[in-house]
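See below for the structure under consideration.
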Amino acid sequence: MSRGRVVMTEFESQVLKGNAAGDPHVRRVPVWLPPSYESGSARRYPVLFVLTGFTGRGRMLLNDNPWSPSLDDRLDALVASGRCGEMIVVMPDCFTRYGGSQYIDSAATGRYQTHLVEELVPWVDATFRTLGSREHRGVAGKSSGGFGAMTLGMQRPDVFGAVACHSGDMYFEYCYRVDIPKTCSVLQAAGGPRAFLARFEASPSKDKDAFLALNILGMAACYSPDPAEELGIALPCDLGTGAFREDVWKRWLEHDPLLLLPRYEAALRSLRLLYLDCGTRDEFHLHHGARLFAGELKRRGIAFRHEEFEDGHMNVPYRYDTSLPLLAAALSA
Amino acid sequence: MSRGRVVMTEFESQVLKGNAAGDPHVRRVPVWLPPSYESGSARRYPVLFVLTGFTGRGRMLLNDNPWSPSLDDRLDALVASGRCGEMIVVMPDCFTRYGGSQYIDSAATGRYQTHLVEELVPWVDATFRTLGSREHRGVAGKSSGGFGAMTLGMQRPDVFGAVACHSGDMYFEYCYRVDIPKTCSVLQAAGGPRAFLARFEASPSKDKDAFLALNILGMAACYSPDPAEELGIALPCDLGTGAFREDVWKRWLEHDPLLLLPRYEAALRSLRLLYLDCGTRDEFHLHHGARLFAGELKRRGIAFRHEEFEDGHMNVPYRYDTSLPLLAAALSA
Amino acid sequence: MSRGRVVMTEFESQVLKGNAAGDPHVRRVPVWLPPSYESGSARRYPVLFVLTGFTGRGRMLLNDNPWSPSLDDRLDALVASGRCGEMIVVMPDCFTRYGGSQYIDSAATGRYQTHLVEELVPWVDATFRTLGSREHRGVAGKSSGGFGAMTLGMQRPDVFGAVACHSGDMYFEYCYRVDIPKTCSVLQAAGGPRAFLARFEASPSKDKDAFLALNILGMAACYSPDPAEELGIALPCDLGTGAFREDVWKRWLEHDPLLLLPRYEAALRSLRLLYLDCGTRDEFHLHHGARLFAGELKRRGIAFRHEEFEDGHMNVPYRYDTSLPLLAAALSA
Amino acid sequence: MSRGRVVMTEFESQVLKGNAAGDPHVRRVPVWLPPSYESGSARRYPVLFVLTGFTGRGRMLLNDNPWSPSLDDRLDALVASGRCGEMIVVMPDCFTRYGGSQYIDSAATGRYQTHLVEELVPWVDATFRTLGSREHRGVAGKSSGGFGAMTLGMQRPDVFGAVACHSGDMYFEYCYRVDIPKTCSVLQAAGGPRAFLARFEASPSKDKDAFLALNILGMAACYSPDPAEELGIALPCDLGTGAFREDVWKRWLEHDPLLLLPRYEAALRSLRLLYLDCGTRDEFHLHHGARLFAGELKRRGIAFRHEEFEDGHMNVPYRYDTSLPLLAAALSA
């Protein structure tokens, strides 16, 4: 089987330099070049950016697992089978100490959307033989990466012309709100977000509740930064009284793809591919969000493809076997 | 050790006759008479109504457990030790096929508050040698029974003069709202509430998700009855689209003890005892509700006693060892 | 519906007086008298002894549960429907502080088989209008109670003529041995069995591991008493080294119904009913034991009835709906 | 920070060609070369083989995880800090479709010990600037990799002079036997090991019970191959009757490091480093095995180092921070 090749780059970001969370501004960014890339021709290729979920970063897409191929192995197999056209695939690292960035700009984490769109995209076009226009540039991702793909498709249609959103964060009412009471208890017990984070990072084994709280803390870092609060983050619960904070929650909702949809209708309509799917047993209830999103698209007559599969939220990278060929076709046309 | 005696009565309710849920109107109501009751004297006693939690009914307070005394054994031991004064203790059965009634009147279940206050209270006073005034009549309960105790204390201060609320339902934002997305999935998968309920009742083993959904369905039966909807119940989620229903939720909030507090301030102030406690690891997050409630009482200068203990929501009947003596003292004074 | 009546007796045992575990020798023993019992006639009835599982005692068979009738309610319904003949049903209390007695005599707990057979049986015959012969006396139970029923049927065919064993302990290789490593860790962490037990009894909430360890400790108290060891109990693991103890395990195996079967073939053959069942998802793997037991019965040409049902080990009292009519029929013939 | 480099080789094994399980004989074997390796000098280095646990293979040691460094990053950091001497680190791939090989030769899987010792070791010495003697060659691993390290240290002291065994499989009585009853149920339900395996491989999401059964099936493939049985594997339970198979179990015990210890006493005594550790909450109860092993070493006066840490079995690669420096020191001396 003819294989593509992974080029690992240490990318030095100007945008992320001095970011608020203190995360490194030099990131390892793997780029997969398709099998024919190095044949010596001058052929140019579409580009796909694949975004990882919360607690992930690009390199993890290459992680080996005996029963679930890494992204490069998956691409090799799809291309070799003839099911999927050739593309250049970029795997950004937008991880933060809070577990992720949601691929947006935030005063509490860093300017990750800017980093991605203004730094990585031009660098990829400058470095590799890309078809450097939005028609030939797509974005895909799972979970928080699905959120990232969808919001980039909405907010930056000038940059991205196709979107695949797997089990993406949306309908915050269901996917986040339910974890706020427990997060409140965990952060109170830890003595606040700063102490929680220090303990989380220091502890070799991290339990389920800690990840649940990190998730909410991470979302707050992205959606409701506030320089006046600890770590520069406004939490959706008051750690003093324990109460839910409607004011902070309203700020979160301004990022909910389901609620953003009407505003970005034109962008969504302009996409060459708008794909979304979700497992019917998603532990974060995201299947409801996907259905509501699809329903809204349908009502507005926007073209899309919505699939469901019998599974939960975790361990579903096999869904890329469905989306990658669709993306390659849409970006090659 | 001198022991009290349990009298089991089959009480025929007029109020519950023909109730909407089709539950029986004849109920077995245990009444515990204290050790000295049958000594031949004319002594009159305070009365305590003890309300069970969701999926419970009075008889279950008598259930035997080798490491946790039944309520009658607990009372025997407390009285024998001299820690607790003598009372008559009534254990109403306000169970419904939806798991409970929240001790309120609802068009979808039945008029359980009326049954309790207008039928059981007079019957107890007529049948046993009670001190038949609100000063000497208390109400206690755990979980949904704690909710019942608190709301009866607020709404019927003419009837009850002392309240103990253990791990009681309050701050619905935390205790119920988090379970709505999963309930939506479960009810959709079952084919609606009627089909769900039929399967639930027919199935000998009931899993965790089924109980979670029954809980929300049961609360909807109590808080948002609607003759226009299936089973006469408006659900807090739209089973067609999966969306949360703000309109229904608003109806629920009208029953939240935390939000009701200001309206019933005078009633709460009039209580001889206002006791509430909760475990610090309550799985329904009720410790937050109890703290917020206590904070609000304090702010208003209303006397109360709020305790916390290191435990979860289940298997905490030992908390009655704390509340029963306080109730007996308050109701005897 | 015509109902039977539960007579609760405080039975003062001579056999259990001064038992090694320090458990009370006065026990509350409920006896269910069938509906026609008090019609004034001289009719005599068969007798069934129903034995509870580990951590249980007779009174718990009367515990109320809205979706699973108590044993008296179940009997009322079965008899009223005409499906089940009338019997007197006795619910012994053979509980110990170790969680149970397995209904055998042990130097570490007490002489519970003797108590049951030599005290309770004659007392029941003397007190109630029984058909006082083995042909009309049966024994049934679930889990450890199923073990008790089966071993009593094997060892005391002079006393019991019919057996129903629901999910009964057998094939110790599978049902107990697997829990020994974890028990070893738990008892070591507690500082030995005495300290473990003290903590267990003092702690209001008891976790899963604690019950697992109590189960093994309890079995050791029954199967391998040893006056030379702490609490008079030889454990199947060495708390010093952590090693499995083959010598102690051999003593346990002398109680395994599956291994005892050949020795008691004649007794089993003499039974009017030999019923056993088990759930196919039994968490203690008892379905394997039941199948092996049934296979051995079949090979020897001993009559029996073996059923399986799709469920686990817990919450299966509905199986009595199958066994009680069979028992009543066998004991009435 | 000066970093080492990972060389990825596709190694074509002659030994594994045509292996019974049908697994590939070409394997990707990462080799980490220390920072100074490519400085141009002729310096030679000790070599360490690191063996993965069940379901693992060498490449997975390089998997990225934001809170737990990959092995190459860990080595970079340890060496840069001066805590650890430089070594060449080899990460063999001895994975099979049964989840692993235990690094032994088996007719049901393949000749993995031979592959490792007779093929990989000479190839490494021929390819890289190694100190090619047993004094400078070590082996380490976790879980099944710990088992592999320990057994290679015992059986091939001519090849390996130092061993680190993290949470290694030993005392099969505790670590495997407990999972046999459940495995029996799972394999029966699947219709035998072949059908089970086919379903396991085909199913995108694999549940806990499936992994438990795969583990026992995999161990059987390694410890009790039998050409006369399905897949060439004798299982430790009879799928027809459900019974435990003592004969097969005896074959397993011939591989138990704890029982092998006396036979290989001289080999163990010859090691420059014999390190073992285990978490005190190991879910496979391996802390008991490690303690028993250490106790036996002590009794015989064999030098070793035994550590315990407060954690379970999973997610403990941080233990390499302790063993790698010890190994480097022992192999450099």
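The letters A, B, C and D name the chains in turn, as written, and every chain counts its residues from 1.
Going forward, a residue touches a chain if its C-beta (ideal position, glycine included) is under 8 Å from a C-beta of that chain, and two chains touch if they have at least 3 such contacts.
The structure displayed is predicted, hence computed values, not measured ones.
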Steps in the shortest chain-to-chain touch route ending at chain C and beginning at chain A: 2
Chain B and chain C: spacing of chain centres that average the CA atoms, whole Å: 35
Chain centre separation in whole Å, for chain D relative to chain C (CA means): 45
Chain B and chain D: spacing of chain centres that average the CA atoms, whole Å: 57
Residues within chain D bordering two or more other chains: none
Complete list of chain pairs which touch one another: A-B, A-D, B-C, C-D
Chain D residues touching chain C - in the complex, by the definition given at the top: 173-174, 177-182, 184-185, 241-244, 281, 285, 287-288, 291-292, 295
Chain C partner contacts - residues on chain B that touch it in the complex: 55-57, 59-60, 62-68, 95, 99, 201, 204-206, 311-312, 315-316, 318
